[in-house]
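The next part holds the structures, each set out as structure tokens.
Heads up, the next two complexes both have subunit A, just with different partners, subunit B and then subunit C.
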Partner chain A sequence: MRTGRTVPTLTPAMIAIWLAFATVPLWIEKVGLYQYLGVEILIFATYALAYNLVLGHSGLPSFGHGAFFGLGAYGFGLAQLNLVPDLWFCLAAAVVVASVGGALVAAFISHRRGIYYSLLTIAFGQVFWFIAIKSHAITGGEDGLLKIARLPARFGVATFDLTHNISLFYFVLAIFVVVSLLLWRLVHSPFGRILKAIKQNETRARFVGYDVWRFKAAVLVLSAGLSGLAGGLFAMAQSSAFPDVMSLHYSGYIVMMTLVGGGLVTFWGPVLGAIVFLLARDVIGAVTTGWMLWFGLLFVALVIHKPEGLGGMFIRPARPAPADAKK
Partner chain B sequence: MSIVGLLPHLVNGLALGLLFALLALGFMLILGLMEQINLAHGSLFALGAYFAHAIATPRLPLPPDMLQVWAQVPLGWRFTAAMFLAPVLVAPFGVILERLMRRTYGRDPLYGLLLTFGAAMVIEELIRIAWGTRDYMLPVPRGISGGFLMLDLIWSTYRFWAAGFAVIAMAVVWLVIERTRFGALVKAGAHDSEIVQALGHNLEKLRVWVFVLGTVMAAVAGVILAPIWGIRPHMGVDAVIPAFVIIVLGGVGSFWGAVLGGLLVGMVVGLSGAYASEWSMLSMYLLLILIVTFRSRGLFGKKSVLEA
Partner chain C sequence: MALFEAHQLHLRFGDRVVLEDVSLAFEAGRLSGIMGPNGAGKTTCFNVLTGRYRPDRGRVMFDGADITGRSPQAIARLGIARSFQLMNLFDEFTVFENVAIALPQTRRRGADPIGQAYGDATVVEEAHELLDTVGLGARADHIAKALPYGERRALEIAVALASRPKLLFLDEPTAGLGSDGRARLAELVRRLKGQVTLVVIEHDMEFLFSLADTISVIHWGQVIARGSPDELRTNPWVKNSNLGKLA
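Entry: the complex of A and B
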């Protein structure tokens, strides 16, 4: 630890990022973009931070995280349409459904390592995606789950209407603040240190006496639950839930966002990655039809020349990049 | 359903299994001999199908009069030409990909996987730009198309031909790997690269050839499967997933594991198709999860760097 024994709960960088996001609705339309993009960026930033708990902080290369995001989206939508149309209940349902999905996957894969871990997460991701497409009666199949309402946020005395993109933006920002604070505390807690140990050398962590698989399972469930929360917000923002987000493509996009931003070396990297990815989609997409071609080339170049991502250009790693060495 | 009722599903499953094994073979070569996960395998497979379509239908970028002459050639010859030429045209993409991947050798295999994921996106987008998003069908020569009656059932003739082509292609790969000097060197290089280099062999060159062989196999599978599965931009993703399921199931680095894995997946998909055709593709993931839960390295897998 560079800063001694403990890391402060609030850091200047953290507050600066939150404040910078808070100003977004004031100027985003003036630069030619639109309010909904801000909502989308915040949701994916939350998702990417949750994903990075697995990839960057624990070194577990999950390639099927879209499943948890999608489970959250469907959990939110189905809870609203079939149970109670209350925002807090539906968001809780999103988290619970995704966590249960995460626990199921974790039960099978927590003893696996490296590429086998990736391959099995791909397989599970495909299973969830396939079920979502084929269960027409429950999920609406490829047509998706439609008519999901943007429910009002009730805080006891006051109630906020979230149907407008700006009010939804501030609501999502509030959740982003809570999630990022929670994750910051978590990765700098004793639990987070054990995750770091597992990332650096799983065998050694086991020899020290930790039940490594329990930690790997716990971190996957946590990450899945928070990804589900982001998925629930996405369902609300889009007013619908589709199986697309569970596909291999989308699971790959979240890995790309996290890596492009520098999730392997910095805590805030995934946020930068989400911003870059969605901005690239809109800006390159406005100029040419094949935006994926250019982003794909950029990504390939980055993997070859700067595997630590954009974040790695600004931040000097505390010690020489350990993830690179062949174990 | 009686045994006789299941027979067509069993036979179709077997034929499908051979095709799946063919599909997985190129993926297995690169993974087993180079320890690199080539997620662009499906995109190379798709490129093979598109090139074959361009050669056979004919839609080549040639002067009109030459194209006219080519169109007069019987479809049987054009199809044969497509089967041999399309993989040759796809091979340079493999060379470029290998060149890009060189930087990731010796690092965490995750980087190779990510790089090829990016490359797959690029190739898929290039296909969309060059051919649009519409579906194409690769025409099959009359002699091997259509169907025939057997046991009061209609069977697709081409499926059996395709399964036969798959067996031939797999036999060629087996001969190259097990019965030639090149195969011996490549296997030795995968086992202990330092010694092979110390003996004075150019390992870099060998790796290019292995990658090209894997690429060519992907393209060959693309040509053979195109008349059955159709040609569309996302066919690459649809193909790479079964390929990796088969490899993990069969065991990384094992030729017979890939063949057995392909047959198993084909049979399971074929048989589950008899009961719930909508859900048949799900069965292969469940099979994978079942097998890998009990045998963590698949059926014939050995310990490898991929578990790091």
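Entry: the complex of A and C
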């Protein structure tokens, strides 16, 4: 960041992205795709943005984030089936359950760095996944939690039915707008800049007085909560919740989306990554069941030729060394 | 009682004794020098004094309080800052941001997740003041890792100064600098002297003997001599060792 420059809350790129998404239901079927794919893309874009708070913005290599997405999905489903079938209540439940899961993990890993941090996130991810499969009475085990309803969105006087994919799409878009706006502000806030400082040099950050572990714990809880929100929306979208989203496999997908899109170098990279990933799944998947093989090869090619990810094509290179600095 | 005191510090790495019965005292407002050959334990001593390592035995006292074993961040917040022998900057940040992030105002707003990062009106002003102090005023918008070596050294000191320390530890601030750079750094340290209590590890004898009020010599993890520069000039050990060449 240049000297004391303030960062605008709304940017042209941000508004362009929101508007572009808003047009999707108008043409998505005309290009041979289907409305539900738009919903899925927005949910994973939200999830990827939340995940990138940890990976890209804080440099914390979490490889077990599926656990939080899954906790959100189950939180939403269980709250609806056992407590109160109200949309806002169930989404709040998704956020709270995932945040509590995040806090639990954070308590164990916030003093760790690098590979140890990664290994612990994987281990915890596996624990949550295992519990989801084994607690048959609560989660339905591998059969999943079924009959989750797409609850109507009540705004005081008005109520919107979300059973159709197009209305659900606009509801998810509204949440995506709010989440991306919040994250954009957060990344450019004092809290966000400190995260970035910790990412670059944890030791230095401690020696200028920062309780580094508190920041690492806070950002994990936040990211887990928002991932849980995405998970809750996903449970609603597919009217069910399954343990597979918590598997190491799925945790790997979100890492891939984020990296492919360029989450390490640009704020919107994860959104691009989610679009590319899900389109590849459908487009390549229509031709061959081994779509992951081809996507994997694409990923390899990308890492070799454009290691910063696709988003790297849209940003100017970092300021070059000052010419007179070479003396 | 001195502002900062270390009493009988012992530290081992495995079966290697790195600090043995090290006692030091740094008076407020003074510049205390530490010298000694490579591998003597000087940096390790700083690491114990600033909370990076906990000593096996001994006590560290600051301003009358026992701070032994406290975390680096807790010690930093008491008003103790340090620079590093191997440079330790926020490489991707601009020069301005390296200093701004270390200012207490930024730290106090650390829990603010939506405000402007350096929105506190005093941040820009104070960061520039500090950069001017170390001669980097014109470099504010450059990325730290793109700076030439000597300027990175200066930035290292600016970051340490940003926390408004009462006591500043500098670990070989002139390491790797040419004679120009050394002269500039000596000038900077001379200006800081009196404003902040300084403890400086230095190999450059000319630098140390001209600036320090007192000097301690560390060898094999022990303090083998201490005194004013004049006293040390006549110290037989300093005379005999190559460290005393300039004296």
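Some observations on this one:
To be clear about the criterion, the second predicted complex is superposed on the first by the 313 of 327 C-alpha atoms of A that agree within 3 Å, B and C clash if a C-alpha of one lies under 4 Å from a C-alpha of the other, contacts with A are read in each partner's own complex, and residues count from 1 in each chain.
Criterion: a contact is a pair of C-beta atoms (placed from the backbone, for glycine too) under 8 Å apart; a residue touches a chain by one contact, two chains touch by 3 or more.
No experiment lies behind these values; they were computed from the predicted model shown.
Residue contacts after overlaying the shared chain place A:130 against subunit B, while subunit C stays out of touching range. Once the two complexes are overlaid on the shared chain, A:190 sits against subunit C while remaining clear of subunit B.
In the superposition on chain A, A:200 makes contact with subunit C only, while subunit B stays out of contact range.
In the superposed pair of complexes, A:113 makes contact with subunit B only, with no contact to subunit C.
Contact with neither subunit B nor subunit C is seen for A:156 once the two complexes are overlaid on the shared chain.
Contacts of A:252 after superposition: subunit B is touched, whereas subunit C is not reached. With both structures placed on the common chain, the touch criterion links A:12 to neither subunit B nor subunit C. When both complexes are overlaid on chain A, the residue A:211 reaches subunit C alone and has no touch with subunit B. Once both structures are placed on chain A, subunit A residues 326-327 are touched by subunit B and, in the other complex, by subunit C.
On the side of subunit A, the complex with subunit C involves touching residues 1-4, 6-7, 182, 185-186, 188-194, 196-197, 200-201, 203-204, 206-212, 215, 318-322, 325-327. Only residues 61, 63, 108, 111-116, 118-120, 122-124, 126-127, 130-131, 134, 248-249, 252, 255-256, 259, 289-290, 292-293, 295-297, 299-300, 303-305, 307, 323-324, 326-327 of subunit A touch subunit B when the two sit together in their complex.
Against subunit A, the residues of subunit C that register as touching in their complex are 50, 71-73, 76-77, 81-82, 84, 88-94, 96-97, 100-102, 104, 106-107, 109-119, 123-124, 127-128, 139-143, 146-148, 151, 159-160, 162-163.
Those residues of subunit B whose C-beta lies close enough to touch subunit A in the complex are 37, 100, 103-104, 106-111, 113-115, 117-122, 124-126, 128-129, 237, 241, 244-245, 248, 278-279, 281-282, 285-286, 288-289, 292-293, 296, 305-308.
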